[in-house]
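The block underneath contains the structure these notes are about, expressed in structure tokens.
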Amino acid sequence: MALLDRSEWYGLARETNWTPRYVAENELFPADLSDPYGLPMKAWEAFDEPYKVSYREYVKVQREKDANAYSVKAALSRSKFYDSADEGYLSLLKLHYGAVSLTEYQACQAQGRMSRFSKAPGMRNTSTFGMMDEMRHTQLQLFFPHELVTRDRQFDWAHEATHTKNWAVLGGRHCMDDIMMTRDAITTSIMLSFAFETGLTNLQMVGLAADSEAIGDFTFSNMITSIQSDEARHAQLGTPSIEILIKNGKKAEAQKALDISFWRVWRLFAILTGIPMDYYIPLEKRHMSFKEFMHEWVIKQFVRQLNDIGLEKPWYWDMFLDDIENHHHCQQGGIWSWRPTVWWNPPGAVGPKEREWLEKKYPGWNDSYGRYWDVIIGNLLDGHEEKTHPNCIPVICNMCQIPVSNRPGPKWKARVYQLDYKEKRYNFCTPVCKWIFEQEPERYKDFETIVDRMYSGVIDPPTLPNVLTYMGIGVVSNGGRDGYDYSWINGYRKQAAE
Amino acid sequence: MADTDDLSKPLKTFSHLAKQKRRPSEYEIVSTNLIWSTADPKAPWAMSPDMPLSQWYIRHRNQSPLRHDDWNAFRDPDQMVYRTYNMLQDGQESYVDGLLDDHSRNEHDKGLSRHWLDALRQLYTPGRYLVHTVQMSSAYLVQLAHASTVENCAMFQSADQLRWVQRIAYRTKELSKNHPSLGFGTTERRSWEDDAAWQGFRELMEKTLTAYDWGEQLAALNLVAKPAIDEAYFRQLGHAARRNGDTLLGLLNDAALIDSERSRRWTKGLIDFVLKKDGNKAVLDGWVKKWAPLGDKAIDDFCAALPESPEAAGEARTAAREWRKTLGF
Amino acid sequence: MAMLDRSEWYDLARSTNWSPRYVGESELFPEALADPYRLPEAAWAAYDEPYKVAYREYVQVQREKDAGVYSVKAALGRSKFYDQAGPEWMGILKLHYGAIPLTEYAACALQGQNARFGRAGSMRNMATFGMLDEMRHSQLQLYFPHELLSRDRQFDWAHEAHHTKNWLIIGGRHCFDDVMMTRDAVTNSIMTSLIFETAFTNLQMVGLAADAENVGDFTFANLITSVQSDEARHAQLGMPLVDMMTRHGKKAEAQRAVDISFWRLWRVFAVLTGIPMDYYIPLEKRHMSFKEFMHEWVIKQFDRQLTDLSLERPWYWQHFLDDIEVHHHIQQGGVWSYRPTMWWNPVAGVGPEERAWLDQKYPGWNASFGHYWDTIIDSLLAGREDLTQQKVFPPICNVCQIPIANRPGPPWKARAHQLDFEGRRYHFCTPVCQWIFECEPERYKRHESLVDMLVFGRFNPPTPDTVLKYMGIGVVSEGGRDSNGYQWIETYRGRHGHGPKGHVSPLADCALTPKGNKRLWVLSRFQGDGHVKTVEIDLDFSMDEFARYCAQFSIGHHAKDQPGKTLRVRRTTAKDDAAPFPREMRFGACEPRQMDSFDVYFADLSDRDREP
Amino acid sequence: MAFQKVCSKDDVWEGEMKAFTVDGTDIVVVHAPGGELRAIQSICPHQEVELADGTLEGAVLTCRMHLWQFDVLTGKGVNPDHAELALYPIKIEGDDIYVDVVGIEPKFSHA
Amino acid sequence: MAGKRDDERKNSVGPVLRAGEMADAVMQALEEDNPGKEFVVQDHVAYLRIETEGECIVRRETIERALGRPFKMPELEVNLTSFSGRIETTEDHMRFYLEKRL
């Protein structure tokens, strides 16, 4: 055996810290981009990424992964799957590609920041691979939906979404800009690699794969699980950062970074993953409920890991558990009602059988969310489709950018948490979003929600057509309509007839 | 007549490419117009424009004197996508594996002279620090690129450097195993920080890394520092290696220069692209003038220490300059 | 420096002929392996393969193809497709994998022969790629079924089939040994590259791919189309040779090579591809009928290809067109009836809807083949599954090795064409197979079909068990059974014409068995039956007994009574006009010889006294 | 006038090809990179495979099934080079593409 | 709610793999490399979750035996979509573990 083992030379390849002479250390590693926690260079040299790969291995393995993903696409593109795919499922795909493809590309820059500004040589090398990974994810997730634009213009959002100011996009950008685009290398490694990539991307990239397989979309399930196999590696950047911070007396700071980012990402993924899982996937193909999935992946797998590296569950844990029961159900109602403002066709999809399933998975659903849908169903049965559009403007949270809502029904849970700061009033959906704002009001104060923009004159005049155009609706593609053209109420029509 | 703005008509490609009215390549589909943080020059991010990172982008990217009104029009002459990059480099790495394996079987290291081993310890193995700085600097270009087509090139460039950081580390370890008493694997940092041969490159790279204006970093790195490193550290050191019976290093450095060729192709493409806009020539001239002496000095310092290579510095300086000349400087 | 174009150096790479000095030309290129037609040196120098590829291009393209095929397998390996695939589809896969992979591997040796004995440098080069291609095909088609082994042992036939003496394998080997393993480089290029790989592999590899996609087996569809994409290159070997032969006065020889191989391959592929297409693919997934496919891919193309090559249609063209309507339907009946001898579970595929489709695609199907299946359905409805399995062997064609049969029904089409040669009697399904034999009897005369072996007493003891074991059944895996456990007959229950109890002829219950030592193998040709049967007869039988004895094996394995009529026996003649034997006459009294053919038919009772 | 309007240039972009039927004749309109337009026979001269399902790289069209290649500008076979595609006269008026199929039969190739 | 609280306190570790040949080999190797350990396998079609208590290791050479061909540890990444617990990677093994026991 003539070649050396990786372990023999790997350490040397990350002994690359040196003491700058011609420029000052804080010039080479400005605190804002590098390490605001003020740990010495030496402390970061202990950084040991648990998942190791060499460049030689990387290009080989990644080449194989791509050969696999692209070949499967090529082979199956002749199958007629998308011709006859369920409209709810197509909505899931549109939502996915619109939300994910270019966000992955932004992550290249975030990885680039870690690669340039981290004081930990191990992190600099590992995020070079991370950067490449994110490029891969972007390219896959542009190339795959590209062929779908010939069928349906709403797939154009795969490329266009983040270039628009659609309210859903603003929500995603606010979150991602916060956790990965405007933080130093260390905080980014906690927020992006640990909270986001270790904690929550599994929901979308692995969870949905099971449903996709059931539905027969092997191309998609193969692609997203292949993507996730990259995450499993580079997401490991976060844990050593946290361990080093804890070891150097910065546990509170690490905890705060986690608490902020976990909540932010949760609020987003519940929409991105929760709604499709519990509403868009046809009932007979559903693998498990979003809640069960959260248990498997987040509560069991992620939190246990969190614990093992020495952090605590976020302070708002009980609120989080409660939110798992509510958030995405509320937003399903909201998105469906405001369907003309989104780029996919959200199915109402709460027929009698679906409701039974929802009630079983989320006890109490019928008495709360069910009542909300009862009114809608009643209107549809009476032929008053127009009454199923709210024709008013919701209050949008100044943190997560999502309409403020909570479980309907007798308990009056929906409530706005308000804060006045520098003569401006801010609205929040939950105490947690409010708490995040309060940690760093200067960071968040200037951003206007889509609704703020209607009042502040950014969208002028704030008429519905103007707002839609501003959001890219009618520009990139038409807005959404009910995914099943209301056929899901047929079950109720039959019940009424009987 | 089909109209891409007519929403009732299906698209043949993403709307932003539909205007070309030709079938887009895979490269175009997956690489173009992916950045949206340039849309509002005053607020790159949803976070407050006053935030340090927002300010950073505004100052160092948006307000760079190197300007173009349509950065997205740039195209990589190699039209490299991630998929093809890995195919290419997997092949290249198989070749390097083969080199290492063969030479190791032939006990190549045992045959090296003490004289040359000293040179390797002084001038080759500390190079991982140097190449790593290029990796970092390229990553900076990634972070602040105006257009995805530029950003991707920088990403491949950064990954290429990591490739050589690891191959140098590999060789360092191999040399230390075959010659345990010579300090391979332990003295590199000291050489990089203290040896006169390295101080030119160290100064060049420390300053390049902190030239935070995006355009200036591009000029300093890709027009001056990288060519200097290619010519001195890879090419001239490779020549010297061959003269000293170290065929392995000669071949390894040739392989590294293949990556550099690719980097030069897109650099030339990008420079040609920006020079079509008024004002950029002067800006770049200024930077080249400012950085070239540091590059020359780095070459001189390094080549001076190269054994039996009196002509090395001259050749390297000329080669770097000649290349810049082909770009118009 | 820029790279040269392929065209700049390509000719040099194929200018590799030289004049031998230390050995004779005919030693270096023995005629029997190289060129018995003695085409002139100049002709060989001009050999120009139309499809060119450089080694550098070859490895790159093939690597990509393999990446595609293996990736899809890996990705879809997770799907539950094979868990849910119907028995029909699994039957197709077993048939395919049993028949194909090792045949592909044998083709490596064929390509090797061409790479060594081809008289043109370029032919040798192309065959080198051909050799690699065939290796690819055998490896892919061994690796893919391998994972199916854990589900079903019958997939072991993918590797084992060719090591057994299963009768279908004997048939396949006889054909391929003839067209590709025992010919000189010129002839085998015409027979294999031009005829087999251009005309016939598409049937299986392209035709089934469309059905595979419909059924949802993307792995298989992707596999076989990828395999077929290789044929472009090496299938090109034969074409320049035909040109050369016609130009150098060897047109008749080229024509004969075409005529022989086309027929031989047709007979095999109709079974391999025709049966699955028209019977195994679930009705709603059928892409087109086998006949339509034959028209598109073979008749249209082959015909104009021949014209282009200045060759004629084979002299048996009309036979061939007839055979397209019949051959695979009759073999479907045979394969299903002999299901215990197969390595997959044959599909009947003749529910009422399927029959409507068949009759539409093949007008007259119901009146002929339908009749055959009716008696089977009746037996099954009557709970007499035992009557639906063949108990005797059919005579087997000494060329194609396929049971001798033809369209059942009123015109007595099924008939054995016989030839006595050097003291042995040979049987052929058609005049074409007989013609092939007569072209070169020395080539074929020693081969014994399975039935020959039985008749010649090669099995000891000659029990069904011994024969099955000889064929690998019960050794490699269990033999076949009806693919869905006869569920398909349920739709017939209670229908008109198929009473719930069914109607089984008392003739079928005839318990006659040959006794004593005065026994003889003869051919029974039963009126309306599509299959000719071999029966071992007791010379002491009366003609009535002989008729009853034969009835139990005939028309779906039992003949219905026809009230007012009785069974008569006569010799088979060319015009089917021999007079019947007296009913009480001892069979031995007509002085039958081994394997003579006799007709058994229904006649009015009033005919009883007509004597020969 | 045997020329018939088939489609507009926008239906078949540079780098694309598309199948049409003109007067009962199946054709493929190919828009080669560089802007040249051609109308070619729809079926591969080799065997019954739709050329429109193949791939177009530069002016070289590769059939999906057996990888035969043709230069769409001249109709000549690239590999194998004995094969040839029938070309139909084509003319462009404004954005409209006209093709004349009269009297031209698809070609086929032996082997 | 009791169930949820319990979930957070389990010590489950192990790989999450795309189902297929590789997953089968890993499963077989895990059994061999961790004698006495009980593995729970959940088949979610698109992925297999393999879990055991506290710690487990899977070795390259064991996978090689299970696959019947040479294997390099990084190849596992092609099918390793996630894992529970923490990870340690070398060229000869992959280890999934938790430091604390709850």
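Per-chain residue numbering starts at 1, and chain names A, B, C, D and E are given in the order in which the chains are listed.
We adopt the following convention: a contact is a pair of C-beta atoms (placed from the backbone, for glycine too) under 8 Å apart; a residue touches a chain by one contact, two chains touch by 3 or more.
Remember, predicted model here, so these are calculated numbers, not experimental data.
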For subunit A and subunit E, chains touching each: C
Where subunit B and subunit C overlap in contact partners, by chain label: A, D
Leader among chain pairs (count of C-beta contacts): A-B
Most distant chain from subunit E by Cα centroid: D
Greatest separation from subunit A - chain, by CA centre: C
Distance from subunit E to subunit B - Cα centre to Cα centre, in angstrom: 39
Approximate Å spacing (C-alpha centroids) for the pair subunit C, subunit E: 50
Chain centre separation in whole Å, for subunit E relative to subunit D (CA means): 54
Centroid spacing, where centroids are CA-atom means, of subunit B and subunit D in whole angstrom: 45
Touching two or more other chains - residue numbers and ranges from subunit A: 60, 68, 213
Junction residues of subunit B, two or more chains touched: 12
Touching two or more other chains - residue numbers and ranges from subunit D: none
Touch relationships between chains, expressed as pairs: A-B, A-C, A-E, B-D, C-D, C-E
Subunit C residues touching subunit E - in the complex, by the definition given at the top: 74, 77-80, 147
In the complex with subunit D, residue positions of subunit B that touch it: 1-2, 12, 21-24
Touch list for subunit D against partner subunit B, complex: 8-11, 13-16, 31, 33, 56, 95
Parts of subunit A lying in touch with subunit C, wherever the complex brings them together: 67-69, 71-72, 74-76, 78-79, 213, 216, 218, 222
Subunit D-facing residues of subunit C, complex: 49-53, 61, 194, 198, 202, 206, 225, 228-229, 231-232, 235-236, 238-239, 296-297, 300-301, 304-305, 308-309
